[in-house]
Structure formats: structure tokens, C-alpha cells
Amino acid sequence: MKVKQESILMKGTRSVERAREDFPILSTEMNGRPLVFLDSAASSQKPISVIQAINYYYREQNANVHRGVYALSQKATDLFEMGRRRVRDFINAPSEKEIIFVRGATEAINLVAQSYGGHFFREGQEIILSQLEHHSNIVPWQLIAEKKGMQIRVIPVNKKGELQIEILEEWLSENTAIVAVNHISNALGTINPVREIIAKARNFDVPVLIDGAQAMAHGPVDVQELGADFYVFSGHKMFGPTGVGVLWGREELLEKMPPWQGGGEMIHTVSFEKTTYNELPFKFEAGTPNIAGVIGLSEAIAYLGEFNFEEIAVYEKGLLDYCVKKLTQIPGMQLVGTAKSKASVVSFLVDGLHPYDVGIILDKMGIAVRTGHHCTQPLMEYLGIPGTIRASMAFYNNREDVDRLVEGVAKAQMMLS
Amino acid sequence: MKVKQESILMKGTRSVERAREDFPILSTEMNGRPLVFLDSAASSQKPISVIQAINYYYREQNANVHRGVYALSQKATDLFEMGRRRVRDFINAPSEKEIIFVRGATEAINLVAQSYGGHFFREGQEIILSQLEHHSNIVPWQLIAEKKGMQIRVIPVNKKGELQIEILEEWLSENTAIVAVNHISNALGTINPVREIIAKARNFDVPVLIDGAQAMAHGPVDVQELGADFYVFSGHKMFGPTGVGVLWGREELLEKMPPWQGGGEMIHTVSFEKTTYNELPFKFEAGTPNIAGVIGLSEAIAYLGEFNFEEIAVYEKGLLDYCVKKLTQIPGMQLVGTAKSKASVVSFLVDGLHPYDVGIILDKMGIAVRTGHHCTQPLMEYLGIPGTIRASMAFYNNREDVDRLVEGVAKAQMMLS
Amino acid sequence: MKSINQIQEEIVDDFSLFDDWMQKYEYIIDLGKKLPLIEEDFKTDEYLIKGCQSKVWLKAYPEGDRVYFKADSDAVITKGIIALLISVLSGQKSEDIANADLYFIEKIGLMEHLSPTRSNGLNSMIRQMRYYGVGIQTKEKEV
Amino acid sequence: MKSINQIQEEIVDDFSLFDDWMQKYEYIIDLGKKLPLIEEDFKTDEYLIKGCQSKVWLKAYPEGDRVYFKADSDAVITKGIIALLISVLSGQKSEDIANADLYFIEKIGLMEHLSPTRSNGLNSMIRQMRYYGVGIQTKEKEV
């Protein structure tokens, strides 16, 4: 059953150009210089509306959700469940039952690996990941693979950082337990061909989990159109609060999966003799949830709805191109990850300079970038580098940020060589 | 190695009498009447300092923690790790390594059941719980018991709601896998004899997990003095934010336990061939943590430090006695849970009235209580009642709250009978 | 027999007389207390719609193109609201039941009782009544 | 030979001449670049102290009641700070090394580099140097 996209989201009319003003932190200083924040792939900044929603919640609306008969608790529950509906709309899921609130992408992947994998995986089966994965989409699979006696296969990348998915034709079979790949690479920015991967897997009825941690900040995703079985993401990377994320899964699969964590909320009746479990989504939401977190995420989605998704995409593409053009004017510049299809993430090295040294100098100039392996050690190993300098941009960044970055890198080069 | 209590916490000089003013929500209205909040056992309210710390974090300090070289990320990490130290001080844990941040008490118990239990429990062994447990301290054990083929035994309660722990002499043996009981019962307020339980278990080298979800709001706990092996609690019940809680465990045990969730943060090195895990506490903190949550919890502990623990205890005891005295003047009042040692929680029934009906009328009068089974169905079943009306108080409550409650119950009785 | 909307209008009129929540709730409680809505025999699991806090029993009697309902609850406020719902829907044409817009609940300020949060079973009861309306005779999966 | 605190004072004096962070860092970078601190042979896992972002190698040579250090890093700023640390601690009495209050780091405004967050291994290196000071010759468990 395909449900039509609600189309209220990311169809707003506000101009991206002024979005920056909504983020209080972007007007602060770091080391005495106006902050240039280029680490959104690690965690995005929050608009004032999200910050205020959390503030207001704790000042006027705080109460535990579900089952409270008093008005305050009902209000909190309504806000919480509205968050679930907003997430459903944002990713166009067929049903709210499929929206499970977790701590973040990492917990979501562990939930699937342990509940789905624990139940359905069999000895000798294969899990297919890719060379581009974040540790959070590697280690949970290693843990279950070890427990069950399974193999992990790794879709290779080329030197540009593009997945070589033809190999799937060879690898996919009835013996494949699951394919788990990211939508957008956090280390290189590559936008992966997840539609094609899903289509190929579909031929063998192999379920596919998409790690969308990096995708959500750049626009809504339509899980029905993608055709994935599981899609996971974190609130803190999409302008929402820390400590909240989402597992979306197809109802049919979620229904079949055993509960993972036990406790309050996820039960229907409990006795020492026999416990029955609550229905979806509560079956997978044991214990008091991150109520303020969900309310903040809900507000982040509402905030994104004020803009037009396509305008954001064009704006970010412009920023990316500008950044690449400017950076490559620096002698010795080595871009890492030059895939054709890329999000606004630029990983690079400068000949002869250690990323850490560059990061330190940039910090002193008020520029926040990430240096190191970006939780993708297998990728770095494959590329034969210890890490990169990564500038990751959101729609609140502008050309001035890029200019400051380029100036900073040039100065670092001058000081360090 | 016993480390001396730092004694900076809960030794403050502020008077409890004025604490109420620190909680903005307590000056709001519900259904047009000034709010009387008597549901702190479900989730406590937050002082302004906690709300502001979160607000300030998102406005001026937000960045992902650990490994960022720039000042903003370092600041966030410092705040986050200061939270860990504060928790350590608050519960007098020997080491910060033993403080593991989780979503809440429920997740902490699941972590222990699945990691410790998954690794150490053997078929045929017994898990000892009590009749007073919250579902969150029942279901995780049922899940692992079923997986492993183990028995669950339940420490009985008497009609007053006191645990009959003599039975432990009979039950404890080398075949006991773990004892898991709560420190304070959320349904009845009974303060359980956890010291004695731990001492008995110690004789057989049986580990003990204490569910301290309800204890932390009433003062600090000294885990070394208690001698427990695991102690768990939730931030949202101790004036902190939602979505954050703590598992404390003895380092020696935590070291031996396998990782539970895999992902970023919890690894040392990752390759597809071999992954090595980070040291404690990070081994159990996969993925981006609830940074704002930890910072808020840290502030809640600092806030509690402004008061004197003993004064709080005396104050709450006074409130409890007053509440019991006043309520019992209502004809047909049936107190549920009359243990000698009790926290400021009063569960009751009124002859002939359904708790739900009473809850609805109280709500209309601006009084927030909880009605129902309080996630303790086995206890309610044992007591032969469908649920209770529960008024749970914190040090921000006062006698006026109690007067309003008593007035409300009397009115409900008038309207309903 | 009056139509669903005629009955709803009457209820809305009745409630417009009340000045405050107390009068309104006293009226509902009265309704709840007065009506023996269902025979004790039917208070079995078969007819139970589980809410977390109060229980609701519901029995439907289809007759031709009409459906009659009897229902009960262990909580008297829930029972009073049930009495209102029964007065609106019982004996109506099945099609009308299935499609009814029960706006009176909001108009008389009882919407909050239908919040899934209240766990009083009312919500599930209405859903179940509609199911009977479209001729589905099996009990819905418990929620 | 000068005492630990004498050397620290000299460093503090040197740094007091710098007007801004750039001069300070250029000086540190210079130190880092000039000094071949350790022979390539020692750049092995045996002498490695793993930081997540930059690597540090450390070798200690005890001689009587004194301990001499050689160390290196792949990042030049880390190396520069190492050069300062070596100048303060190498050749000192083991007891003094173990108990040294390395206040100069804070005074010259480099405290942030010792934050465990920086993952540059400096922190672990200092801890390791103190261990050698008290005569513990095994490498600390990696962090």
C-alpha cells in the first residue's frame, strides 16, 4: 500500500539566505574570532525554535507521557505523538506505527541487528556492508555475525569514493541475510546509489537497511519511494536535539521482530507467569522516552518545513562547488572523495601537513572542522591515509564561511611548512 | 578500595522551604487552577538552572563530543565529562569509568541483563526479583531467562508492602544468577532493605542490581557503602532532563562484560577483520550520547548540592506524615502500602470509587496524581486491586499541596458516590 | 427514530446549560450511575475492550440494517460518556454508524476523554462500534 | 643541571614575549620541526602511545636515579609541545619526575592540548613519563 506524500513539508517559502540568523550559536565567537562552523556532519546546530520548544516544554508542559489522566500529561503526550506524526510525514512512512524513537542512528542499527538479526539470521549467511560505512553501521553487524557465525562482505569503492555496486550481482543470493549501507557518506560526502542497491536486493528478497544519518539534514527522504526495509537517522544531525533518533521499518517486519529491550511502555500485561507485549511502535520503546528530545525533533521538522527543499539542494550544491573551486587553488591540495554525486561535505589533505596540525591552526582562527578518521577507519585504511580534514556544510553556511576556511588553510600551510 | 565520600554534595545551606520557586512549572495553572503537581515519581519537574543549562548549551556550546580539535567541541566534552564526575561524586563511585550514560533506568537494566546476563547466566540458574518491582525490572529478566532457560523467583511482600527477605536464606545458593530489586518502590513508596539483601547475597557471591530510579530524588546514595554490584537510575526522576540515565557497575564486572551495542565511540580500532573495543566507560556508550541530557543531569546534581540532604529528608518525612494524617480523615480511605520505612509516596483507594474517576475529578481541580497500576501489575494482582491513586511528592511540594489534594479527594467522593 | 445528528444536537443543547465543569461532570456521573447498561453475564472477556485504566464491555445486536449496542464500564465517568455514545449510535443504520461524525464530543468539551492517552477504552470502543457498523463482527485486536 | 621548576620558569619567560597565538604557535612549530627527537628505529609499536589523532612515540633511558626521555610525534604541533616537555623532564631525578607539577603548560596557555579530548596522546605521554619516574617500566594500557 503506497500512501501519497503529504507534501506539506519542505515546501515552504522562506529564503535559505536568511536561515543563518535562526541559529544563535552562529553569532558567537570561538577563540576571539566569529565562529565558522563547518562540522555539521558530526552534529548540526539548532535553530532558535527548537531551543525554545525544549525550553518551553520544561517550563510549562513537562510530565511523563502515556497513561497520565491529568491535562499536563495529556498535553505532553499529544506533543510527543505529534512528533511521531511529523516524522512519518517527513519520510512519508505509511504508518505512525513504523516510527520508533531511539537514541540515534547507532541505537537503531543495533536494534535491527539484535532483534531482526538475532531472530532471522542463520549460521553461514552473509551480511553485505560497504567500504564507506561509519563504525556504527559496521560494529553492530560484526557483533551479531560473530554470535551467529556469519560472514561480512564489503562493497568496494573506487578512488573517487564511489561504491562499486556491480559486485552485488555476484554476491547477492538467498544466502544474503541483509544489506546495510549509508545513504550519504559522512567521511566523503558521497551520495550512494541506494535505489539501485535496494532494487538489486529486492530480486533476492534480501532486506536492506539504509543508514540515513547524513541524509536527513539535506532534505526529506521518501522511504516508500526508496523501497527500503529499514531507514535510520539521528535527530542531532538534522537540527534537532541530542539523544533522539528514529528507526523506521516496514510494519510487516517490525511485527515479526521480537522485542529488544523490556520494561515500562513496551508491555501490554505483565505477570511473572506470562508477559504480553504492546503493539507497534511501543513494543520497541521500553522505558520513559526522551520526551523533550522528540518534541525538539518535531520542531526541527516543522522548521525545515518553512523552506523549500529544492532551494536548499541548489543552495548547498552552489556552496559545495564554490568550496571545491576555492580550495583547489591552494597548492598541494588533495581532495579526498570526488564522487560525481556529493552532499556538501569536503574532505581533504594538504601535502606534507598532518590533519591534526591544520585543525589546530584553524581552531585558533575560529574555524571548526573535523580532523581524523571520522569513525570510518576501514575507509581510511583502504585509502591509505590516517585521516582527513573535513569541512561539512549545512544550509546555514555561506560563502564567507568558505572564504574564511580557505584563508585559514592557506595560513596553516604557511605556518606549518 | 573504598574511596571517601567527597562530601561536597547535598551539604549546601539553602533552605528547602523556598525550593519551590526554582521550578517554573509550579507557578502555572492546570484546568484554570494553580497546578498541584503530585506525580514526581513518574517524572519530576526541573529547576530553572537545569532548563537554562540546556538552553545555554544549545545556544552557545553545542558540538559533538570527544575527538573534536576545535574549542567548541572541547568545551562540550569538558561539560559532558564534568557531568560524569558529578554523578560519580553524587553516588560516591570509586571511579568515573564506572559511570555509564544510558537513556534511563530501563535501558541500564536491559544492558546488564543482556551483556552481563547474556555472558554469565547459565541454563537452570535462578534470577531473584521481588513482588514490588516495576515492569522495567521484570521484563528484561524475563527476556534473558527465557533465552537461557532460567527460573525467576519473586521475594514476597506482606500486606503493608514490605519485602519478606528472610526467604532469601532459603533461596540463595550458588545457583542464583543475580538478585535485582528496587531501592524504593514506585507504587507504594516502601524503602526496601537493600543493605540486608546485598549482605545476604554477598555470602553466596551472588551479584545484586539495585534499581534506584525512585531513590535519587530523595538524596544521594553511596554505592560503596551499599556494596551493590550495579545501581541504575534515570535523570528525569531526579530533576534532570528526559532521555538520560546512569548505569553504575563495579569496574571489575563491567570489564568482564562484553559490549552490548556497537558503533562510534565504543571502539578503539575498527577493521572488517578485527575490531577492538574502547575502555570503560566508553565501551558501553555506542553512538553520539545525549549530550544536552548529561549536561542537564550534571546541573541537576549541582542544584541538589545547594541543599542539605538531611534537611530534605526531614522535610519530606514531615510532608508524608501530614499527608497520611489528613487523608485518613476521609471516610472510606484505604491506604495501600503502609511500610514502616517509606518515601514521600502515598498510594490509596477510596471505598466504592474507581481510581480513574478520582483522577479525572482531581485533574479538573488542577491536581496531578497518577492512577492505575503504576507499571507494577504483578504487585496490583497480588494485592487484589486494579490499581491505586498515587500522590508522590518531592521537596518542592508543600502542605498546601496536600491540603488541596485532600480537599479534591473529598470533593471527588462527594461527586462520585 | 431521530437521526444521529438530531440526537447530537440535543446533547449539545443539554450541555450548554451547564456553567462549569462540576455541573457537567455531575450530570455525566449521574448518567453513568443510573443506567444499567449491560447484564452482568456480558461482563466477560469476550465483550471486554481493554483500556489500561478502566475497562469497557461492549455488545452489539444487529437487527436488519440497524445495530443496537449495550456497553458498560467499571469507571463511572467512562460509563456516563458511554451512555451518551449509546444514545447517539444505538439503533441507527449500520452505514450511518460507520460514517458518523461524532462532533458532539468535542462540542460538549469531552474530547480529552477520547485521547488514546486516557487509556479508558472509549476510543477503542468507538472504533469497535464503527466496525460493527460496517458489519465486522469480530473483536478488534486489543490495544 | 637545572631543576624542573627552573626550566619551567625559563619557558614561561620565553613565552611571555609572544603577543599573539600566531607567534606562540610558530615557535612551537619551529621547535617541532627542528628537533629530531627520536631515531626512526624507535618509531615502532613498542614505543607508540596511541592518540586517536596523532601518534606519539616515547622511549625512556633510566641512568642511576635519573631518567632520560626521547619522544616524537607525526604531528608537528604535538612534537613541539613534546620538545618542551622533554626539555623540562628529561634527565631529572625519577622522584622529581613522578611528582612534578607541570604548571608551565597552563601558564603558557597550552592547557587545552592536554585535554583527553584532543586525543593527541600528550596526556598519555605525560602519564607514561611519570610511570617511568616511579620505575614502572611497562607501557601503560593503551587509551
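Order as written gives the chain letters A, B, C and D; numbering starts at 1 within each chain.
Here is the rule we go by: contacts are C-beta pairs under 8 Å (C-beta built on N, C-alpha and C of every residue); 3 or more make two chains touch, one makes a residue touch a chain.
Everything numeric here is computed off the predicted structure, so don't read it as measured data.
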Hey, which pair has more contacts between C-betas, A-D or B-D? A-D
Per mean C-alpha coordinates, the chain lying farthest from chain A is C
Separation of chain C from chain D, taking each centre as the mean of its C-alpha atoms, in whole Å: 78
Mean-CA-position distance for chain C and chain B (Å): 39
What is the distance, in whole Å, between the centres of chain B and chain D, each centre taken as the mean of its C-alpha atoms? 45
Per-residue multi-chain contacts in chain B, two or more chains: 31, 67-69, 71, 73, 356, 359-360, 371-372
Chain C: positions in contact with at least two other chains: 52-53, 119
In the complex, chain A touches chain B at residues 24-25, 28, 30-31, 35, 37, 39, 42-43, 45-46, 50-51, 54-55, 58-64, 67-73, 103-107, 109-110, 113, 129, 134-136, 138-143, 152, 154, 234, 236, 241-244, 259-264, 266-267, 269-272, 275, 286-293, 356, 359-360, 362-363, 367-372, 375, 377-378, 381
The answer for chain C against chain A in the complex is residues 52-53, 112, 115-119, 141-143
Across the complex, what residues on chain C touch chain B? 21-22, 25-26, 29, 52-54, 74-78, 119-120
Chain B to chain C touching residues, read off their complex: 31, 354-357, 359-361, 364, 371-373, 386-387, 415-416
Chain C partner, complex, touching residues on chain A are 65-69, 71, 73-74, 77-78, 81, 268, 279
